[in-house]
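Each chain gets a letter, A, B, C and D, in the order it is written, and its residues are counted from 1.
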């Protein structure tokens, strides 16, 4: 297979979906979105129906980046294709969803700060795919996976909508917020010293120049974007959950974030979680956001509420947060084997 | 002045105090403690009485370390002496207190895990000094200062005992625990993977070999020692406030820590704080434990409860957490000028 | 312009070139290579001839990666297109050359360890482009640019072939080898402890598993690949220029590397350098390989041999080594204005 | 043994030596120097003679720092005393030599930039000790040991004066200069951007304020001080061996440094090295100055010139450059067992 333009065994369809729910979203982001749908080998020559796995991205990801190449590796659309090129694996449809926003992400939730991305995913993308591709339109045949913020989305979406999703895979998904976020808040508070302790001044600056030329851009962008997702005012204004000078938490806002911590959601969504057929959890032992600890805590929580061990695949890898796409096809195969056909 | 053996203008007395309160302490640490008392120039030739400033140390410090030399700098006993060699500064007695424990520190609190170090300081050292040196034995003439854990001690001791202390100086004092401690917990949880998730196994290992040859020793020692100070069981067993595998906080234990967060103590001890004559707060903008944020939050809290600005000296320095002894004599002089003579 | 699929004002042609010189190369890499040729707006509607700028990549880059997207930024083919969408800029043809090898790069030199990549570029790609596109086939109308190893290639190629290239731009190009390489050798020697001090054992391991899951892979890959480029035996065996256990330099091999240090090549190629019409040099003040120092040294060397200041553009940016593609269109425009039309 | 004031089995004598050779030294440093001499248990009750081990310090060390305490550890004078408290170890005299200068060190060489510290050590300190203590005044009964710059001194002094020293121990001694120094030069060149590329401007600044409050002080101090030691002009002016803007090496000055690289001195001093009875070499596998590689190279060089393996003790420890005093008593004991009694 050529390193430059590998051919797929299946087919990747570049679609566009027109969202009604994203129309008029608060950030003025497009309501027409790219949607990539992968059909496995054999799809075009049969009329069978297939399970579907929805794939979502980490913070600052948009769907075109799935084509990004790194040396000595293939893209995930290619490694996933290789999974389904193996006849021993139950073939699936893969759906690459775009949830980009001007803040770099949506966390796959509905928020007045960014838009109705959760509903867009569940009530628009899923029906559209079921209508346009030969899926098995049943929650036991539908999974979702993602990394980092996408892993978070993959955890919470089935909790909120067990009617739609019966399985998920999270790779280094955001969780145990005191470890993954508080360190970022501390750095953000420091970085805001250069901006009069005002994140909006930074945002204006950020948009006026080349992105990521300030060393703190990544930290401040995520602080702003997640505030838009988790703690926006009703009028859409994102509110940082901490004092911008001291970093001191603002309890009523921080609690809104914590309400979205998968580890803390487990008890509220215990029935949904117990209904799942398959849960893949991984992280790197050196994850820069301590998401290995989040993975451990989430895994322990599933055990506590009674999710049977045999439905769970848990592994910590000797790795950091970046460059972990080699684990995606492992989870894809594992999910494919557990979705009803 | 020689770089090797500078002479002091005043005198440093190496005393030993026999503590009744530390006798039989749970760690078997000595109840006889060294105590260094500095008398300023002129002390021996007069019968006047002097204000006193108590000086306490950071984690893993014991009183002998005040003699440690770093290149191109003098020790604090020397730079403090230089302050009082200036006739324009009101002369003071300085009291260097030892609160070492087998865990490297006591946090200057009373705890079944370590011993009654708070009471030892307040009810034994202070009276002993007043009895043996010509101090002005009044809270308006008594201050306390320290760095890091010593800064913490300098903050809380006057809150608890405003009858004894009327002023303090904190250099990068522990505060805003979610920032200074949680990152350490995360690292500790990871480090415990090598010890079966059991801090006692690490402790046994630590004591069996050269200290600090494991890169995680510092983190684990502080986790253990502060647990002994803040969240020990009644029988003295230190209990980590987090799950040793996932790092997940154990609320009832973590709340015991938070009850000792100076930022969170402000409202409970508002009267005491408002009674103080002088509060020096500093930290480095790059403090590795984010104690600059703690300093900001503590300063803001003092303002909120109505401590007048003119009683407070606040400054962030371009510095990290280490090597900041150059700020101690600045605070010493500032306190000296504000203690009643 | 859409963030997902921007349209170009000009056109990007995905070509394939069949190389005679790379056929049978020692690593078994393809001798058919992708070649991307960009034609500016108006090209298709005229018969005029255009200057050409050749664009080469850093280590581990291959031509498909020019399509990689990063958030909030456009790809270089897009930002370069935006340069030429401005009618005030003299339009140019851009040629994106692929020089990938199994070791991740070729350093754009001819070597028994990798192949004849220098000759391939100069004697095959250039003539092919001149034959297939309406270029002005003259050295005063031909430039070359690149980053990192590509910046190195952009420096040395006009030195070796001033008959072909009259201008270049180097962004953080490899130079002043004692600073950019020796630190890597030290790390490599340490990393080889896990492989019996044998880089071939690492290479076997590297090829047997997912790339870059060992933290030292990048360092060892570059050590091996540059050894293949600079210090291969006549039979193609790459020889590390240092003892694999102690890191001690092997003078006769290290001298072969130094013979390729642009800073050390200046005097040997002074006439070629003085013949150039335009030289852009930049680097980041925090470049992880100290290429800011290399840039300074190279700039100073040009001055020393008498290259006039007005032909040189030199700037250090507040940046590291990564994420510096925002500087490429600046250099592209500057070169375009200096190539003869 | 008390953690605060342990008692020694032997005795530590705080002496002062008046140096004729250091009188009028170029930096105006004292020519009266402290000298600590340790006599082992039994010394006072006998008239026997003892071997002597000279102990020298790392950069920025002066003799008073041997008393510095770190938590959970004893000072080297104490751990060395513990070695000789063991009756199974041949008792030795230890001599703690001071070679401090205004630049933080002397590298134990004679230089117009700092003074005649090598001669001071060999021609003044050694005779003085032999005259004032009951040493066995023979090279086979005299060793020298040190860490970092002191390790360097311990390596070169017996090479230069095999008539005086017959054994040495180097802990992370400076060697393989391309790895231990070049990275520092690169950082120094960058740091000098804030000082108009002029080390003297930095030096003036450094002396006008609290030392080490600029993050680059350590790097610049060592660059200046080693230049004073290795590449001073005849009038004493230290000359950096690199261009202060680009970092480019100045060959005639850098060669003067390399002439002092222990690894490169091996062949010139092969006879001296072959005459030694015992050589201890250690370093940490993570040494921040890559002195583990220097240790490997030095060890390999000894083998190459024919120093028998049985005279050499070589070990790499899992450690960095700091906090390695736990290895000093190991070497002290090993040397003690190999010095003639």
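Some points to look at:
Simple rule for what comes next: contacts are C-beta pairs under 8 Å (C-beta built on N, C-alpha and C of every residue); 3 or more make two chains touch, one makes a residue touch a chain.
Note that this is a predicted model, so its numbers are computed, not measured.
Shared contact partners of chain A and chain C are absent; no chain touches both.
Chain centres here are Cα means. That of chain A falls 56 Å from that of chain D. One finds 45 Å separating the Cα centroids of chain C and chain D. Distance between chain B and chain D, defined via averaged C-alpha coordinates, is recorded as 36 Å.
Residue positions of chain D with contacts to 2 or more other chains are absent.
By the contact rule set out at the top, the touching chain pairs are A-B, A-C, B-D, C-D. Chain contact summary for the complex, chain B toward chain A: residues 176, 178-179, 182-183, 185-186, 189-190, 193, 243, 245-249, 263, 285, 290, 292-294, 296-297, 300. Put simply, chain B touches chain D in their complex at residues 2-5, 30, 34, 60-65, 67-73, 98, 100, 104, 210-213, 318-319, 323, 326.
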